[in-house]
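Heads up, the next two complexes both have chain A, just with different partners, chain B and then chain C.
Presenting the complex of A and B:
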């Protein structure tokens, strides 16, 4: 699923995002061929669009603004893959946080 | 494939994800949610940052936490912490072990201040209360390993 891959790559590129979180039991993951993308679920919506939901582990940073930055990055990343018209709402859920070495 | 068919608009709808996530911010392009586990973990980390806190959790919770952590299914930063999270506010209860010699009222006050600062700064939630229960005192000698048993005198 190209939207899932583009969305996850874009989200992971945002500073403060540590990794995708599959929910602990793989419920928040998308299989693309043999590859599994943890932390992204794409769902069909009305009108031929797809919502993209990201489930993430973040650093100890303010999460609301980080969520906005992730959403913007996903829209940009999916757009760069030529799929912007197919992208519906982008949900961002922080499931965990991690103290990063070197951060206060 | 975890792709799901979710007919119906979720555009700006506030939704709560499975597993206790809390809706926080809805925009035209989607929502941002923060799971309760995040609030719990932030509160636990904040409490541990305070000098005089030896450990979090009661006796049973610490014992269970040690086991679950050892087998890789638990997170010791969450033991001894429980949170109640609403739309905009959170309340935190925690159980701690304090180092002997530290002032318990001062430690408790510093924990409150740090949890409020960290949780509010990271999640944007307003912390309405932080209830601290001191479950035990830790004495420096408590960590000492028991001496090895005398070797058997007979084979």
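Presenting the complex of A and C:
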């Protein structure tokens, strides 16, 4: 569950990511104790690793480069939390985009 | 599964509509008592319920009889069971998320829902010269890629060809990485449209 928190925090720190998206019905969320982390799902993989899938609302920006930046940030963030050995594939899915105030 | 879901929705709507109409009819016919004129007995007579009841009784008696089951009846029964199972499956199976895949590498997938891509397509197409309003729709392909359909309003002096070309270029940052085929339609904007 620490992976979920670290991955979400890292993803939210990327410029262009607005917030985590729980899918509308909470299917893309992880419960950590009493706290719910919307927009991140961590699943066990073979070899003792965990995949981290991020579901995000993005700003109106090119999604491909943003997705790559999110992936890199998640790998860095999870690594900084000392969990890089446990991290498997990192998936990024954009569920909505949002025109931010001030955006033309 | 999408077809089943659609069938269930249509069927549910039709059944609810029929129930509502039947309820309204019963209420109307029940206003007056008695067995003639506008009353429940005469309504039943009107739609042939006594005859239907008799036919059903004979059918059920035939089914319960000791003789061999008619192949047609057995087939109809099996069909009804199958239809029921399919309708239940259509109602309870969760809808599969229709995503457009951008990258399916071993280190993780990159994908997006159709709606944000359509929003991006609209935002990009609106920047094209001569465009006053845009509606965009994205349909994912069976395996990869898909199609983005853009319907744009254009100013009267602009040419259809130029606007289509400009929209095509504007959509490039979206269509190329996602493997989307653009389909662009334009029409002259009505009065009151946004002026560019």
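Assume the second predicted complex is superposed on the first by the 104 of 104 C-alpha atoms of A that agree within 3 Å, B and C clash if a C-alpha of one lies under 4 Å from a C-alpha of the other, contacts with A are read in each partner's own complex, and residues count from 1 in each chain.
Methods note: contacts are C-beta pairs under 8 Å (C-beta built on N, C-alpha and C of every residue); 3 or more make two chains touch, one makes a residue touch a chain.
Small disclaimer: the values here were computed from a predicted structure and weren't measured.
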Combined model on chain A: chain C and chain B, fit or clash: clash
Touched chain A residues, chain B compared with chain C: B
Touched partner set for A:1, first chain B, second chain C, both or neither: first
Touching partner for A:67 - first (chain B), second (chain C), both, neither: both
Chain B versus chain C as contact partner of A:51, first or second or both or neither: both
Which superposed partner A:30 touches (first chain B, second chain C, both, neither): first
Which of chain B and chain C A:91 touches, first, second, both or neither: both
Which superposed partner A:43 touches (first chain B, second chain C, both, neither): first
Contact residues common to both interfaces of chain A (with chain B and with chain C): 23, 51, 60, 62-64, 67-68, 71, 89-97, 99
Chain A-touching residues of chain B, taken from the complex the two chains share: 1-12, 15, 17-19, 21, 24-25, 27, 29-35, 37-38, 41-42, 45, 118, 121-124
In the complex with chain A, residue positions of chain C that touch it: 97, 99, 102-103, 106-113, 115-117, 119-120, 123, 173-174, 177-178
Contact set on chain A toward chain B in their complex: 1, 4, 23, 26-31, 41-46, 51, 55, 60-64, 67-68, 71, 75, 88-97, 99
Complex contacts: residues of chain A adjacent to chain C: 23, 51, 53, 58, 60, 62-64, 67-68, 71, 89-97, 99
